[in-house]
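Common to both upcoming complexes is chain A, partnered first by chain B, then by chain C.
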Partner chain A sequence: MRVLFINNDGAGFADHIEIEPNMPVAKFFAQKLPHGRPEDYLIRVNRQPVSRDQILHEGDRVTITPTKIEGAIVS
Partner chain B sequence: MFETPTLRFGPNAWAKLEYFLQAGDSEIGGFGVTSRDDLLLIEDFVTVKQRTTAISVKFDDTAVAEFFEDQVDTGRTPEHFARIWLHTHPGDCPNPSATDEETFARVFGNCDWAIMFILARGGQTYCRLRFNSGPGGSMKIPVAVDFSSPFTASDHTAWQEEYQRNVCIEPLVPRNGLLARSDDWDWVEDPFANEVEALLEDDMFEFELENWEDDQCRI
Partner chain C sequence: MSMHKSTRIPRIAARVCESLQCRSRCLTQTDFLWQLLNLMPEFQRASARYRISQNRGWSAAEQHTRRELSHCATRLEEAASRLVAHLRIQPSEAPSFRAILEELLEIDVEFGKVRLDSDANAICVQTEPITLDHIELGRFEIQLHLGAIAAIDESNCLRVLALDPNPCAADELIVHPHVSDDRLCLGDATGPLQAALRQCRFADAFQIAAAVLRTYNDGSPYCTLDVWHGRTCEDCGVVSHDDNSYFCEHCEQHFCDECYSGCVVCHESSCASCLASCEMCDERVCCSCLQSCSHCGESACASCLEEELCQSCLEEVNEEEIEDDEEEIQEQSINQQIGSPGERIHVPSPHNATAATEALSSVV
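Take a look at the complex of A and B:
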């Protein structure tokens, strides 16, 4: 099964990949970002936020982007 | 042309960043979108929806995701639009704060490479390249405006529209709740406001930074 995966970690990624059928989002995240903490990312499928147990489908567009991008001159 | 790695801004990108810097009394931030052939040449400065104050900027998480998706739809890959984090500081000090460093490590620390660029209102800049390939490391790199390629005129109308669409300036809120106005308390002048004002005007203001030199460069 193929999905489009968009992510900035490592070399950066925006391409179609093969995954096993009926994969939940949580498992996909753990496979693709094993170092990552889910709370540090916004996970969307087809531009919509999803729950960790949502099942991915053929042709889905999975976007994992960083959250809490912030700067401040005082901490 | 450049012997050492140098972050270069196309004239339009630099002009747009300067415009946003001066458009309001707050920090602002965005991403540098680079040339497809040169990852250190910023062709555009792009903002996303953000909440800002005079001393902070925070991107909207959904807007960041939309930015990624829109850029991918144009055929770009993340290394062309999501590796150069740009933001501004009030006053003359461009050095990163602890918050800046935390964001740079957490958000960009897993990328093969990334750049944190800070432009102070006084014109001083700070630019650091971080890379994870090989042994990894980071280094401050110079900044330049690259006039070598053709460029178009500025577009203040479009820039102002983008500014108004994306930049939400919020008032500074005292951290100490006792300073808030209340009928149960005698109102006294808020000393926090004076602290912030003094902070912004203090050219010598610096943060605790270990292992980093304060050699502010000016374009």
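Take a look at the complex of A and C:
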């Protein structure tokens, strides 16, 4: 099944990807951001914040945004 | 949902669509290319002027032309970046009204209330009051400028305004460790924010900007939070924490501990500028403890003066006095020798021993 994955971590990424059917959000997060902690991210599905056990469906729009990002002066 | 019934957000969405579509039509790939090409002759001229001034050793002209060339190169770089950004992105259609409306509804839910600043042509949201390391920085308004977004002018897309400004002591334009002059230094957020703006994902862009505002990176701030309430030393310009900042009561300015000292005589504290230097011992003394030698008039501290005289003048005066005494004794001896040879000889002081001995021998 295909979902639109928008990753606002790192360099920023938005694309349609294939995932296994009926995947919960927690598993999706662990696959895509294996070194991240879910509590440090705002996870939205179809623009709504969701719980970790929410099941993803075909065509869902999954957005992961860090809640803390380090700013820095451009040298 | 009541949000859909509201006319506020659809109105904003219509304005956003209009701005983005209008600019998209105006600025095409050819425009970006022409902007770049038009800057080339100017850059070549500046480059030639710099080379000439360099070859002829005109240092003032070289400095001026280098600045001019640097300015041209910066404009060229910006134009090239805009063209590259325009070429890299997918030739997407302008975002639909529905897409913009969905973005705005999401923003409205996540930030409370989205508004359109018609004058600035920007969509704006407010953050909650932000506190970092116990420093209350207040609320911020994040603005996304639609004109800059449409023109892919990434350096001018985002503005951050402090609504309850609590600027750092060193610079009132720094209202957050990562905000100066309404500009957010994005650091790690640069890539995701640019990607979000190019795809008109405004809700993500606001969330990314807010995430930077909620985070303190002590490795690269405009001003570190530990000296946020510090004070700038009037002498060396260093920002010192309140605990290490000193107030000089003479000039009523603040100084760092390096530029603040005390009078060696009365120990009253003062800044270095308000202390004078004793010309004898070079120690720093306050004006009240600085006196003048009554003989030569040089300034000296109380410990370098004796009977209102500096050390060299004191020695000089003593020598003069000794000489005077010697002369007096000599005169007395001569007078005694000439006038009454049988009279008892005046016992000389040890200083006048030589003269007295001579006088005695002549009498004998």
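In this text, the second predicted complex is superposed on the first by the 65 of 75 C-alpha atoms of A that agree within 3 Å, B and C clash if a C-alpha of one lies under 4 Å from a C-alpha of the other, contacts with A are read in each partner's own complex, and residues count from 1 in each chain.
As a convention for this text, contacts are C-beta pairs under 8 Å (C-beta built on N, C-alpha and C of every residue); 3 or more make two chains touch, one makes a residue touch a chain.
For clarity, every value in this text was computed on a predicted model and none was experimentally measured.
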item	value
Contacts of A:I73 with chain B and chain C, given as first, second, both or neither	both
Partner chain in contact with A:I6 - chain B first, chain C second, else both or neither	both
First, second, both or neither for A:A14, with chain B first and chain C second	both
Partner, of chain C and chain B, that touches more residues belonging to chain A	B
Partner chain(s) touched by A:G36 [first = chain B, second = chain C, both, neither]	first
Residues of chain A contacting chain B in one complex and chain C in the other	6-14, 42, 47, 63, 65-74
Touching residues (chain side chain A, partner chain C) in the complex	6-14, 42, 47, 63, 65-74
Parts of chain A lying in touch with chain B, wherever the complex brings them together	6-14, 33, 35-36, 40, 42, 44, 47, 49, 61, 63, 65-75
Chain C residues touching chain A - in the complex, by the definition given at the top	102, 105-106, 177-178, 184-189, 191-196, 199, 201, 203-204, 207-208, 211-212, 214-215, 217, 219-222
Interfacial residue positions of chain B with respect to chain A in the complex	27, 29, 55-59, 61-62, 64-66, 68-69, 72, 76-79, 82-83, 85, 87, 89-91, 93, 96-100, 103, 106-108, 110-112, 118, 199, 207
